[in-house]
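Structures for review follow.
Two complexes follow with subunit A in common, the first pairing it with subunit B and the second with subunit C.
Moving on to the complex of A and B:
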């Protein structure tokens, strides 16, 4: 566990320059070395390198013990790192060179996702305590014009719904329509058939497995293919081992 | 379960472990997306057309060889893989080979290919391959290990008498899950090389990279609970005062 730690927050958490963070010091840059467009590029000694080693991404549990200020700083450290990596990736593409260790991008993005989730958790806890609601963007399940349900994310508007012509034109929800009903009937049939097909495919696959591996662990099969009736598969005519029955 | 999750879950945990790559990267490196529905109102929002069946071989899913083997338009013959309840063969395990020309020999597991129930035993079950043959060059003979099935072609070795044995997972009195030789009842310890990856031997000996956070900084607790949202806290720390009252708005 020790030492195994990613990423970049050394700059954010340790740098003495950023410790005092009040209004009068805001004009002072938190960046230590370079302060120009070359910040969008990696360290020149990593250019054309075969591999650039890095630790793993930040986990949620590690972010939960950090203060809001630390998270705020870490976010910008990660953002700058992501910008740098995306620039390097594009530049490598343009120059037809190898972009070393592309998994760094995923590590940074994973960290950013986790950080955002932790911030959300904190805000949701506050809002739930104070108002009883999550404070997240509201939404609801809606039925679209083609009769298919989807999650509709609400937005904030300066005018009410009945005055908003543009919104009314853009968002059409489902009202009874004969043709749509006919479409839905066929659509659901298709979904049903694909589900049945998958079941049948699994069933035949299990028979194939039983024919090939007579000493197979049947509990493992049940775990992996829960929708297959093993007894029924055994009585199928496709199931016949090339061995004498016991 | 969404189809992408399902596909991804087929790359076994122990196949990925040694590479020390984030799951997200492995998914990104192996997927072949032919079409993604644009955002907006769609008959099928988020619809993706992508490759569903992959041919897993000794080439790892994030490598170029894997991409070449699974080139768009190519489809390999179906492979039946025996379901296994719990994976019990780890890197560094001593195993005995039960088939082939190295039958009866013992070796150490070097690589795991969980998608096919395969392991590669170091230096055993090899084949000679001629590589790099051209018109003006004879090529060189290279010895490469062939994979072995864990279900029938190898067996774990009991450490007490160094003979192959079937195993079972049991719990010790401390509640620890261990592999036990069903023949002698002896525990077969999981080798320390299980946690080894391409970047480090053990987690304790990991060499920190320049951009890594130091372990002490990571474990330092700076969070102090307060009745504030993240934004309120940051604004207070940065001395931002917001007195403006937002105009009336409508959510719909």
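Moving on to the complex of A and C:
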């Protein structure tokens, strides 16, 4: 997220923007700022209410047409709203009372996620244009001490790796080990067996479906169970059922 | 700061700026009696005292004289059904001291339930249930003695 720092300091500060929105766009509207601890609480008329009406969350498309400064302001509005809802939820829980319309929390969190995604989009676009890289935190696939691959997130260190004892203790990568090889053999066998089991289960399930619903849409079945060979399933003896052929 | 990834700070480097902090704080009813200018918050586990101070001063415009934090570890208990030991998640609490002249009292969000209110709620629920049953009867008028799960 350091990239956000670059983005805001460069774009937000350098571009004197005059943007006029027409009325059809959704604009940021806030209540008057109270600037005290009562901001952590809902409007007093909603205290003890059974339902609080609220709108929907912000969509990505709506956020894309906002300026960086607007997004920045909106973030703080959402942050305060979330804090308020968390406070109200906690107090309701403690008093064993109803917390009205808990979906508000989900809406706020959804909006925050969307906002962050939009900022990230702008950030990568800016970095790709300027440096040719995404500007995201770099990383690579590594093999852990138990021979299992994982995504290693890189970060900055004040001293090089060979001097960094703490890093060496924390990050161990795979080196040949007899026991680990034996473990991997069994582990892979387990994965293989579970995969084969799932395949067989799907195969039998498709046969069952075909027996129960003779006029089924086979294209849909193929799409839902891509690993099942339909022709093979049709020639299976389970498909024919326990009756004499006509 | 926030839980995001920052470049390391080295002497002489530019000051780190925080954009889009994702910390949360909730004001909670104090577990122990406190002086009127001390407020108790539950906050993100990653927050430091400086973070709490900056968060309140910059975002909420609340002056903090002092901040103390503690991490509350709930008691372990037995799962009622399975019997194994379980524990709720730890919480970080921040005790924020505001200037001497300011005071805050946690408001009463819910009026105490009076007897009339309880009776009223009960009546309302009963009325709703009766209406629901009448609807059910109306729907099944033409098909008496059908099992309850049978519907179209």
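In the analysis below, the second predicted complex is superposed on the first by the 207 of 246 C-alpha atoms of A that agree within 3 Å, B and C clash if a C-alpha of one lies under 4 Å from a C-alpha of the other, contacts with A are read in each partner's own complex, and residues count from 1 in each chain.
Throughout what follows, contacts are C-beta pairs under 8 Å (C-beta built on N, C-alpha and C of every residue); 3 or more make two chains touch, one makes a residue touch a chain.
These figures come from a predicted structure and were not determined experimentally.
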Subunit B versus subunit C as contact partner of A:146, first or second or both or neither: first
Touching partner for A:62 - first (subunit B), second (subunit C), both, neither: first
Dominant contact partner of subunit A by residue count, subunit C or subunit B: B
Partner chain in contact with A:223 - subunit B first, subunit C second, else both or neither: first
Which of subunit B and subunit C A:212 touches, first, second, both or neither: first
Touched partner set for A:91, first subunit B, second subunit C, both or neither: second
Subunit B versus subunit C as contact partner of A:184, first or second or both or neither: neither
Partner chain(s) touched by A:123 [first = subunit B, second = subunit C, both, neither]: first
Partner chain(s) touched by A:156 [first = subunit B, second = subunit C, both, neither]: both
Subunit B versus subunit C as contact partner of A:72, first or second or both or neither: both
Subunit B/subunit C common contact set on subunit A: 1-2, 4-5, 8-9, 72, 119, 155-158
Subunit C - residues contacting subunit A, complex: 2, 4-8, 10, 16-17, 19-22, 24-29, 39, 42, 59-62, 104, 107, 109-111
Of subunit A, residues touching subunit C in the complex: 1-2, 4-5, 8-9, 35-41, 47-48, 72, 75-76, 79-80, 82-83, 86-88, 90-92, 94-95, 97, 112, 115-116, 119, 137, 155-158
Residues of subunit B defined as touching subunit A within the complex: 20-22, 24-25, 28-29, 41, 43-45, 80, 82-85, 151, 199-200, 203-204, 206, 208-209, 211-215, 217-224, 227-231, 233-234, 237-239, 247-252
Interfacial residue positions of subunit A with respect to subunit B in the complex: 1-10, 13-14, 21-23, 26, 53-57, 62, 64-72, 81, 102-103, 105-107, 109-110, 119, 122-123, 126-127, 129-130, 135, 138, 144-146, 148, 150, 154-161, 167, 205, 208-209, 212-213, 216-217, 219-221, 223-225
